[in-house]
Each structure stands twice: as C-alpha cells, then as structure tokens.
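Per-chain residue numbering starts at 1, and chain names A, B, C and D are given in the order in which the chains are listed.
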Amino acid sequence: MATNQGLKIAVIGGGSSYTPELVEGFILHYKELPVRELWLVDIEPGLRKLNIVGNLAKRMVEKSGLPIEVHLTTDRRKAIEGADFVSTQMRVGMLDARARDESIPLKYGVIGQETTGPGGMMKALRTIPVILDVCRDIEELAPNAWLLNFTNPAGMVTEAVLKYSKVKSIGLCNAPIGLIKQVSAKYNVAADRVYAEFVGLNHLHWITRIDVEGEDKLDDMLTEGYSAKNVPAREWNPEFLQSLRAVPSYYLKYFYMTDAMLEEQMESFKQGINRAEVVKRVEEELFELYANLELSEKPKQLEQRGGAFYSEAAVNLMRSLHNGSNDIQTLNVANRGILDFLPDDASIEVNCVVTKNGPLPLPLTKIPPMAKGLIHAVKTYEQLAIDAAVTGDRALALQAMVHHPLVPSVDVAVRMLDEMLEANKEFLPNFFTK
Amino acid sequence: MATNQGLKIAVIGGGSSYTPELVEGFILHYKELPVRELWLVDIEPGLRKLNIVGNLAKRMVEKSGLPIEVHLTTDRRKAIEGADFVSTQMRVGMLDARARDESIPLKYGVIGQETTGPGGMMKALRTIPVILDVCRDIEELAPNAWLLNFTNPAGMVTEAVLKYSKVKSIGLCNAPIGLIKQVSAKYNVAADRVYAEFVGLNHLHWITRIDVEGEDKLDDMLTEGYSAKNVPAREWNPEFLQSLRAVPSYYLKYFYMTDAMLEEQMESFKQGINRAEVVKRVEEELFELYANLELSEKPKQLEQRGGAFYSEAAVNLMRSLHNGSNDIQTLNVANRGILDFLPDDASIEVNCVVTKNGPLPLPLTKIPPMAKGLIHAVKTYEQLAIDAAVTGDRALALQAMVHHPLVPSVDVAVRMLDEMLEANKEFLPNFFTK
Amino acid sequence: MATNQGLKIAVIGGGSSYTPELVEGFILHYKELPVRELWLVDIEPGLRKLNIVGNLAKRMVEKSGLPIEVHLTTDRRKAIEGADFVSTQMRVGMLDARARDESIPLKYGVIGQETTGPGGMMKALRTIPVILDVCRDIEELAPNAWLLNFTNPAGMVTEAVLKYSKVKSIGLCNAPIGLIKQVSAKYNVAADRVYAEFVGLNHLHWITRIDVEGEDKLDDMLTEGYSAKNVPAREWNPEFLQSLRAVPSYYLKYFYMTDAMLEEQMESFKQGINRAEVVKRVEEELFELYANLELSEKPKQLEQRGGAFYSEAAVNLMRSLHNGSNDIQTLNVANRGILDFLPDDASIEVNCVVTKNGPLPLPLTKIPPMAKGLIHAVKTYEQLAIDAAVTGDRALALQAMVHHPLVPSVDVAVRMLDEMLEANKEFLPNFFTK
Amino acid sequence: MATNQGLKIAVIGGGSSYTPELVEGFILHYKELPVRELWLVDIEPGLRKLNIVGNLAKRMVEKSGLPIEVHLTTDRRKAIEGADFVSTQMRVGMLDARARDESIPLKYGVIGQETTGPGGMMKALRTIPVILDVCRDIEELAPNAWLLNFTNPAGMVTEAVLKYSKVKSIGLCNAPIGLIKQVSAKYNVAADRVYAEFVGLNHLHWITRIDVEGEDKLDDMLTEGYSAKNVPAREWNPEFLQSLRAVPSYYLKYFYMTDAMLEEQMESFKQGINRAEVVKRVEEELFELYANLELSEKPKQLEQRGGAFYSEAAVNLMRSLHNGSNDIQTLNVANRGILDFLPDDASIEVNCVVTKNGPLPLPLTKIPPMAKGLIHAVKTYEQLAIDAAVTGDRALALQAMVHHPLVPSVDVAVRMLDEMLEANKEFLPNFFTK
C-alpha cells in the first residue's frame, strides 16, 4: 500500500475516453476502496487527450470533496512505483492500426475483427511486448501490485503475463458483467441474485447456467441469446440453440455464422463503413464534451460507447481484492485444471471467488461437449500467437495464423501474414529489428 | 480358436474387390497364421460379387495346396460363430451413397469427401448401427474374437464399438503402412528398419519422427510430404512444413488447403467427374478379371486401386495377435491417456505394440502443439456424430455438423443436414422410423 | 420445499445429545432459515432419549415464540418425505460398539480409534449400509433434499453416498470450524476475517494457509499447532512443524506419533479408562439435565462435549444452501480434480463456495508435497473399506485392513479382522447373512 | 560411437565382483553388440580389486579371440569421453556403510535394509551427488551416451538423474529378469514366451499378469509368490494373495510383514549375523578366485551371489538400444502418465519397448487399486530424499525420513536421522561442509 492512509492506483493508458467512468467508480466506492493517489499515465502522442480527460477527473474529484490526488504523467515508472493496483487500457498503434486489423483480412475473404482472427492476432503481436515491458517495471517497482488488464485481446495478454512475468495479473472483460446486468434488468432483481456460469475463453465463452434467485432460467435465455452494442446483432437459429443447451457469447457469431458475418462486413466495407472510424468519431465527440470546463461528472453519452461496464468491473475487482470479500466475479485467470483439456497456465474466462490472495477459479458444473473442440482450436492459435509475439518468430506467427479456425488455408495465411506484418512494421520491433 | 488345428476367420463384406489380396496374405503367411476356415459373408444384393470373388479365392487356395476351407454365405451369424477374427469391409448404401456424400456438400460450398466432413458424417450415420449389429452377434457367438475394422470412417467406427459394445476391436487404415512402404522404398531398406511416429486420429495424423535404421530423416521428408493415390496430390507450402516440424497426412489437405481443394472438387464436379464413379468403373473392371476361370492369383491391377496394403495390414495384425509377436504397428485404438487432452475412450491412430492380449499404445515422444486444436475439434465432431448415429437424435446430428471444422456456419449446417438426411433416409432407420 | 411457508428438516438420530444445539441454531437463525417442521427420528431402542431431548426441543421452541413444529417419530420415511434437508447423526451399535472399536486393536498393538484405523473401519462397515438405506428413502421421498452427513467416519460415509446413491450429499466435521474459532479468538477478530486453507481428507488434513484480516499468520500457528478436546493433546516437534510448513490436524498425531499415542492408549486401557465409557457418562449426565422440565434452553454443559460446533456448522451450511449466499465453508465433497492424484469421486475435505446449487470446491493454492503419500494411502484404505461395506466382501475387508497405514502386517490384519468382524456380527448383515 | 568399428563402454565401479559376468555378456553377444573398447574405472581405494578383476577380464577377452580392448583406469573422464554406454555399479562408503545402514535402524525398532527404509535413504544421500557428478562428465564428454544405472537405490538414483541432469538414463534391476527366468524354468519355455506385467517402483512392484505362451498363469503364481536369494523367503498369506490378485515383489515383505521381518533382523543382529558381512566374505572368496591366473572365464561361484542376471540385463539393454530391436524389457524410467497419480518425471519400474531412441513405457492393463497408496507413500519419501540428497537440506531429510511408511513416528525419525547423518558424515559433504 502506498501509505497507510490509502491506495495508489496507476492507470496505463489513462488518457482513454473510459477514464471518467473509472473515476466515478473510485468516488462512489471510496469507503471500501480508499484511493489516495490516482496516476493517469499515457505516452507522448496521447498527451492532449490525457490532459483533457485528466482535468475532467480532477474536477470530478474536487466536486466529490474526497482526498484523492490525481496525477497526470508520461513517466510510467513514477506512476507504477509503489502502486497497489495497475490497470492497463491501451491501444498500441491506436485506431489506425485497428482500422487495418479490420480491413486487410476482408481482402482475403476472412473476417476482420479487432480481438479475434488475423486482426486480433496483429493486435496481440503489437500489444504483448508493450505489456511485458510494463510488467518488467511492476516487477521492479511494485512487486506486490495487482495488474488488472483490460487491454484486448485480454485473454491472450493475460496469458502472456502469466507465462512470461512474475506479476500477479487478472484479465477483465465487460461481457460477463453485461450479461448479468441484462438478466437482472429482465427479471428486475439485484445483480447479486443472478448466478451465471461462464465456460470458455475471453470472447469465446458459452453460458451454461443462469439462475435468478436460485431458479434456473436457462431455457428463457436460450430463446433470446444475449447481444452487445459493438457486435452486429444477428438472430441465432433456435433449433441450434436448443440443442446446444448453452447461450453462446455474441463473439461466437464470428465462428457460428462466419459466412453471414463476413458478408455483412464486406458490405459495410464497400460502403466505406468501418467500425474503427465510427469509434474514432464517437471518441472525438466525447473528448469535446470532456474539454468543457463546466463538466465535472461522467457524461451520459459515455454509456453509449461499446465498452460499457468496463470500469465498473475494474472497481468491483479492486474492491474485492482489497477487502478479501470472497464474492464471485467472472475473470480471465490461469486454468489450473478447470478445463481439463487445456494446460494449467492457459488463460480462461471463468467464475472466481475473489479472495484477499487473489481469485480462485470455481469448478464448472456443466461443460457443453460441443464447445471443447472450438475452445481448444482457438487456444492453440492463442498459444502460438503469444509465443510469436514474445519471440518475433515469423514461423510461429505463420503457424498461429494457419491454425486459427477462421483462416481457410495455408496459402491465404501466408499471403495475409506478409501484408499484415508489413502494415504493422512500425509496431513490431521484435519482428523487424533483428 | 475354431479348432485346435487352425483359425476361423469371418470377413463381413467378403464380396469386396479387396478380398483376393487378403486371400493372398493368408496363403503367404499360412505358417504363422494357420487359417482353417475362411468365411466370406455378404448381403443379398452383393451375392453376385461374392460368388465371383469367392470362387477366385477358392481357386487361389486350391493352387496353393493349403488346407484352407473357403465358405461363401449370406448367413452372417453362421460365419461369425466361433470365429477367431472377424474383419469388416463394408459400404452401407454402396457406391451410390458415396456419390451423394461427395456431391451434396459441394452445392453448399463445402468439401465433399467420403471419410470426413458432411460426407464422412453421413457414412458414419449409415455404418455405425450396422457394425454395432455385427458386434451384438460377435458378443453372442464369438466373444473372444478380435474385430478388425477396415470400414470407414475407421476411427469413428472403432470408437463406436469401443463405447457401445464389449467386442475387442481394432481399427485399421492403410495410410500408415503406405508411408512406411514409401520410406523403405526411398531409402532402399527393409520396412522394419523404418520407425515412424504417428500423432492424431484416423485420416487426421501428423508424422513427427521418421527414423531409417536409427537415423533421423524427418528433414528429408519435410521437403517432400507424402501422398496417396486416392487423394489429389497438391504441393505443401515449404515454409509451412518447415515450421510445422511434422509431415501431415494427405487427408489434412482438406483442412490446410480447403479453398484450393474445394475449387478442384467443384471443377471436377462441373466436368461430371466423380470419384465414386471412377471407383465404380475400376471395380467393374476388376470383377470382370476375377470372373475369368483361368485366373487363380491376385491380379496386378488390384494394386492400382486406392486401398493398397489394406489386406497386408490386416494379415500382419492377425499374425501378431495370434503369435503375441510384440512388434509395433500403427492402429486405431482407445486413447488411454496418450493424447492427454482427449478422453480415455476416444479412438486415436497411434503406434502400438501388438501383444497376445491386444495392442498397447506407445507414448508419443513429440506432439506438435499446433495439431492439438484441430485434433480436438475433429474429435468433438466425431463424438457428437457417433452419439447421433447410435441414438438417431437429429439435435446431436446438427451439433456434429455445425462443429465440424469444414462447415462454415450453423445456417449451412441446418440446410445441408436436411438434404443429406433425406437423401440417406433408406439407410438411417434410427432417424426415420421412430 | 415442504410448503411455501417454511422448510422441513429431518434429523436422523434425532435423539442425540447434540440436538439442543441444533435447535438453538434454528431458533437463532430463523429469519434466514425459516424452519417450519423439524422431524426428530430415532430407532426404537433410542426412544427414551428421543423423548427426553425432543421435549426439551419443544420447550425451547415454545419459549422462542416461533412457528416451528417439532415432531418426534420412529417412522423414518414419514420424517423424510418432502424434506428440504436431512441430517444424520447416528451411531450404529451405539457406544458399546465404539468401546470395542477402541479396545480390540490394542490387543494387537494397533491404535484403537473410532474414526480411523481398524476401529474406524468397523464403524464404516456398520454405518455405510444404514446410511445407504436412508438414501434409498431420500431418493424416493425427497429427491431434491440435501443430505448433511455428520456421521463418522464422515469422509467415508460421504464418499459411499456419492458413489452408491443419487442423493445430493455433503459431509461435515467440526474440526475446521473449531480451528477458525480458535484463531479468531486468539487474534480477537470475527470468524469471517479468518481464511484457512485445508488440504486432505476428513480427519486427515493439513492447514497450509492461515490469513487473519488478509495477513499471513501461518508462522505463528506453526509454533502452536491446534488441538481439540477429544484427542489427547501432545506437543508437535518444532523442527518437524517448521519444515512441514503446514499445521497438521490433531488426528494426524495417530500417524505422526503412532508409538507415543499407542503407548498412551495402552496405559489408559490398563487403567480401565476408555473414551467410550467417558462419553457414555457425559451423555447420561446431559440427559439427566435435559429431562428437567424447567429447562427450556441449551445447557452450558453441552459445550464441554467433544463435538462442539457440529450443530453450528450444520445450521451455517443449511442457511447458505437455502439462500445461495456464496460464502466459503470447509466441507467434505467430491474431489473433482482438486487433489489431482485422487479420483474425481473421492471425498476430500476442502474449502467450498456454498452456492444455491451446492458447494463448489476451491482450488488449493499450496499442497505440501509430503502430505500426498499419506493422503493417498489412507484414501486407498477408505475406498477398499467402502466397497467392503457395500458388498460385504471379506476379501475386500482384508485388503482394506492390510493397507491401512496403521496396521503393521498382513498377519496382524488377518487375525484382527477375524475378531472384529465376529464382535460386530450383529451389525454386519452384509457379511454374515449371505 | 567411439569409432565406426565398434562401441566404447565405460563401467564406473568396474572393480566390482560382477564385472566378469558383464565381460562374458560382451563376448557372447559381440556380433550384435560390437564392443571395441571396454573401460573399467574405479576409485583409488578400489585399485587392487580393479586390477584383479580387470586382468581376469583381459584373459577372458584374449581367450575369446575378439578385438575388444580392455582398459583399467582411475581417470573417470578419460573413460567417459566419447563413450556410447556408461554403466554404474558403485557403492559409496563400501560395505562398511551398508553394515551401518542395516544395523542402526534396528536400534530404533525399524527395518534395516540397504535399498529402502532409513538405510536405503542414507545410501541415496551418499550416492546421488556422486552419480550427478558422473552425469556432469557425461554431459560434457559423451552427451549422446546412454547411462545404465545399476546403483541402488536404482529407482531414486534414476529419478535424480532424470530431474537434475540432461543425461539419457535408464535404471536397471535384476528382479524382473529374475522373475522371468523363474517362470520360464518352471514352465520349461523360452524366456521370450513369458510376458509379465510389472506395476510400481523399483523394489516396490506388483506383478499383475503372467502369460506363458499367451496363457494366463497368474493363478498358478499366486499360489507360489516369487523369491530371491538376498531376501529371506517368507510365506505369503494365501488369502491375502488371492484377494490381492497380484504377485508382490519380495521386497514388499518389508511392508506387508514388517513385524516378522523386523523380528528376524533383530534375531540375526543379536547373533552377530549381518548381510553386509556375509557379502563381504563372499566377495573376498570371489576375488581370490579371480586372482588365479589360470582362470580365464566367469567362475560358476559368481552365480551364487545375490545380484544374479544384473549383467545379463545390462547387455540385453545395450544390445536393444544399439540395434533398435523394439523388444520389451522391464526398466526404471520416467513415468510419463503411466501411473496417473504420480508426476510425469517420477521414476517407475515398468515394461518398455526398447527403441533406437530409448525405452517407451507401455500402458498398464491392470493396476491393483490397493497398491496405489503404498506406491504413492514411498514415492513421496523418495522425492523428498532425492531433493535432500541434492541440496543437503536437513529439513528435507527429516521430512523424507518421517514420511517413509516404515518409520513409526516423528520422534524416532528425528533421533535416527541424527545418528545416521553423523555416522555417514564422511560421505555427505552436502550436509556437512556448508
């Protein structure tokens, strides 16, 4: 702990548009999570945004009257030193890189997506070395800190940290909390009266149990599915869902409706629509709002942004770790035998009890047999891609690309990999400076 | 044993064009495998072929001067009663069903193949109940017999027997023996000086070790691949092969070169070429030869047929089981922990020591990490399809179809399944008579 | 649930001297655990005690003013019908059998103990068939009920139920709650601020982590050990404890101090002291108190009895199951991979999150390597003894006895088994009526 | 290979009385195992014996007329350099240390034995660092050599090498080959017509299958047991053996008949009989024979010595490794999942196929459930003792001693360890020079 009077928190990528939500969380939950120092860190090119959002943060804190110090800095080591929690929410290569991740695969007839497929792989290659660099700092300057990772692809980034550093790390996604919120709204009960069992990986999970106040509501949900703002809503085939006996994550549409999803992406691409561009515009509008010196609270518009609940998930997790509250949260952690066909150090997305000593994954009560193959296929790709990111080994990168279930052939993989590595050259020193 | 003077062997599907090779094997290896009774069984519609090939078998035996009795029958129970070995080489629905298996998927832009994909699944649905029916007879009439299964999809059929009967069963494929022959020819050494390690499933294996007289020749083979007559030869990408560090089965081209393989199939289909039709013609020519009363040996032309070495593999296996010779053969058997991510009762293709009490699988010395996902994905499909075959449950059949890696979406799976089930109605009493 | 107005609870062995504590618990926690019907069941020979304790229960409830109905009966099926919870606290053969369990082994120079060793094995042989008989009733009359088993040997009884019935069952012991109470008293904190990690089996656990308000206090406890009233207190060797890095259960003294414990037992035996006799006397005194019609609360003296906290543990567990409170309790449940060297259906003693759907075991963060062998050795004995109890197979009973780590040889096992089976003849119909 | 004309073999502890048997083996099997250089190495104090036995070896070779060079040396590195096979047969502390291993435990009422219990543990502590030192030389000077380890406790020594060096190592014991010889003699068949399945660890195995020419003879053997010269023959209880359904190793008498074996040892000890002394005398007589310059063959008397067949086992193994003969031998190798409750790197005694690339363990077809606990208990001790040997950590040594199933209490362990460490001070630099 920074001092015995409160916690020190470092947010890597603090200039993000999500930051006001996080600050709101710290203010609301100050009693159980007494933050004394909040360090927002960003890189030089993000300085303008850091200042805008950081100043909003300061105004929010001031209005609250709480003794939280907000620091804005580009000196990462200073921010990390002695921190109790470090959170990361970065985008190496920024939205331009995302636009490339989403568009290049389309040329090869392959899904273009920022967290899975060839696009997600490129994001992993760019991001993992940077995160491991952050970990080196944490190992040295804040060895007892918890690293809360929001940076996508969160499952792969978390697994890379588990394997290649000594930092205590947890990966977080907003999808599980989103499902809980959706169910609690539908049945008009408090969120803690909903118990949902998640099986699988980050952005590749199936929900096999949904209890509302102890009553099984899976059948209800199987007739509905669940959806999210940042993934096009498509209807699931009802016969398929009934025989699956599990609600698939909306990201599973890329795998279960590959043809239709691809067609839709192609169509949007032809029309010049591009999710990265849309997000860019939304972000600009947000920062315009943030810059308004009259504003001293989180603007409503932020909730329209895709990543709703990310910050709520983060604050919940920090609070439970700090207090050892032993409540259940859905997190990305080491497998440790939960999915018995994956290695112990594979990251999975699973319900955990959050103890003072960290999250303990809960055993699964049901695993849909049909999910095992796809989980293992994607994890195989993830392991290869993580090792490629760490080593900069093109052979591993090729094997990762070939073995991704969305890639149709070795031939396509070879050509697509060439173009995508070249397009990301600037952000892949491991691959290009040797 | 039938009597203490020799063995009784029952061949289910004895009217097959492969039978002369089997008979040749029995004659050549009579000393170590003293066959006294050879029962060739077939169903009524196959009686003409059974008589032609059976009479050739009788002429072959007569010429050899050995005391082997050849029986031709449509009474399966009589053939099985007291048998030491039962082998199956059947084709439920015959070549017409195969033609449908290979052509219907093409309409949906999906690979049409007789042992994998939607085609292989239909073959499994037709075949497994028939084989399990044979098993009921063996359990009753020859409980100590070994069932040697050559019927494709051999891995799935073997797994169905392991799970749903008490019969001692082994699955056999000609691909491993073919690879050994190819290597032994290339290096001009005896086959027993070649040691190759196979990893994976039937028609889905990788070869990770090829030693010739104790010397590692994997690198040589990685520059070549291995091929077979009944799969179109395509070149492997050399960069891919080098980084894979394993020689993939030629059936893996359906997965690693899906786009090109599909294009080729489409092209052939447009030109009216159809593998089932080709095979039909070859078979007719063979039976014309067999019918020649002057012929009393296996004709050379049989070796041109795709399934070369099948019968050699069968005779080798029977010989080793009979004598407990403890030699190494590549077989389809229960996993029993060899691939630690698959259940113990999953069938895998693996090197085994053939003891008097049956084959014992050898631990693998290398498993290519990239292969795990695909193996698990295909095994997931196989398990679902086996259970669908046994129960006639359409929901399971849909889940199997959806989760096959070659099927692009739930939507395609639903429509293709409808058409294929309907087209196979006659051979799927489990699905249609309830 | 019995009705929508409250829960029905059946206590098998309701005439036990522990019952007033249980009733006190139901009264105290009525709000979260609204008991409407409490059925105390016992067998004919226990009718006198049942009436005494049952009438005390009625007076306690009356004084509380709560709408709890107390029923006394010898009709087990009526008590079980529609119950929400069934708890068992029985002693087949009563204290006389215990006296034999504790004394016969001493003749052979072997530890005489009621829950482990030859004595515990006899208790298991007598008890398991009776419990499974109760389970048959629950399966038929209250299939959704939870069975809370307090009957020793609780680990073996629980495993027998897991393997040989469909009843949802949990085993409970007072040792873990006792340790928590001891620690919370020592550090003067609330019990829920103590987190202790238990590794092993019922009456064979090691505590590897003791956190008090998130601070590691293991080293403190290693200098102290923990003890209990019903096991002679002996000092642990400090060098041993330091290098073990875990606090052993006091039952482990039978294994780690076998020679001294045996000597002590021998000495007591010579002096005519006998734990069963002591307990008998204590019980008689308690029933004298209970019979006093002026008494309408749990008498203080009950707390002196060995099984302190048993009823508290039971009420806690029922409350959490009823409300799905997701708190952590140390329970005896199916292993499910937690100790990776034991089968999935072995019972272990482990921290669990108690969800609405039952307890989910938490993964262990530390397993002392030295404990594995002894855990596996005792579990081996337990599995054999359970199967012996179910089948009445003397060969299995002999193997169980031989393989118990406290039994010095086959020869001793054979002779001791003969005598002990004979002495328990009346209670072992499985062994003697065939 | 030393040169392309033959193999180089280094025998560490070449002055052993067993050496003539080994030399005889090399002469008999020269054709399949063409030894060109045989290096017999020993330490200074063993020089006299090395010269006697080495000169006999030279006379034996000369008589054979084969081009084998015999070298005698105390320069271990020269002997190892470029070797194809290194075998070890050493006794650190010589027979005097053995005498102490066997006698000190008796003072504490504990079995005194040279390969298990406290005696075996001391032997492990003395030997493992020396063997690992040999391994350092092999890693540097003969990295492709196979290390064949005969040095007891062979299982622990082999496991230490597997864990703490990169040397390719196999442990060998004469017990399995002895059993095969006994059975082949009994049934008057060739040894290769006997198939026996061994389950467990070195000196702690059960035989669960004995087939003679494919026929199950287990029941025959269960009425007999098997015995050996260097372990007092005691009768097994027939009821026990029948219900065990496995033939226990004669070393298991120390565990299954602890009381009687201990009594016998005490009796012998009182009478001044001491196995180490007996062996000493036998050895002296042998060396007297060997010194006779007329002798140029292995004297018959050597066969009376306890370790019969050790050298035959060694030559068989070298021959199979050299030729890749793929035959089955019972060896001590890494577990690799064969016993699923032990770690992959635990050494076990198991049937293996000996390939050119080393032995591959065969899956077990039957594991007696009663054996699991004892196997795990002994392996737990072994792991702790190995780590104690490598580190010289007294805490680990104490934990090892306490957790050996033959040690009755922590108290005895502490006192016995003190005395035994002190008595072995000279040979335990890891423990005493820090």
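What to note about this one:
The rule is short, and it goes like this: a residue touches a chain if its C-beta (ideal position, glycine included) is under 8 Å from a C-beta of that chain, and two chains touch if they have at least 3 such contacts.
Please read all numbers here as calculations on a predicted model, not as lab measurements.
Separation of chain A from chain D in touch steps, taking the shortest path, is 2.
Overlaying chain C on chain D by C-alpha atoms takes a rotation of 180 degrees, rounded in steps of 5. With each centre defined as the average position of its C-alpha atoms, the distance from chain B to chain D rounds to 45 Å.
Averaged C-alpha coordinates give centres for chain B and chain C that are 56 Å from one another. Along chain A, no residue makes contact with two or more other chains.
Pairs of chains meeting the touch criterion: A-B, A-C, B-D, C-D. Those residues of chain D that touch chain C in the complex are listed here as 236-237, 239-240, 242-244, 256-260, 341-342, 369-370, 372-374, 376-381, 383-384, 395-396, 398-399, 402-403, 405, 408-414. The touching residues of chain C, when paired with chain A in their complex, are 195, 209, 211, 213-214, 324, 326-328, 336-338, 340, 353, 355-357, 360-363, 365.
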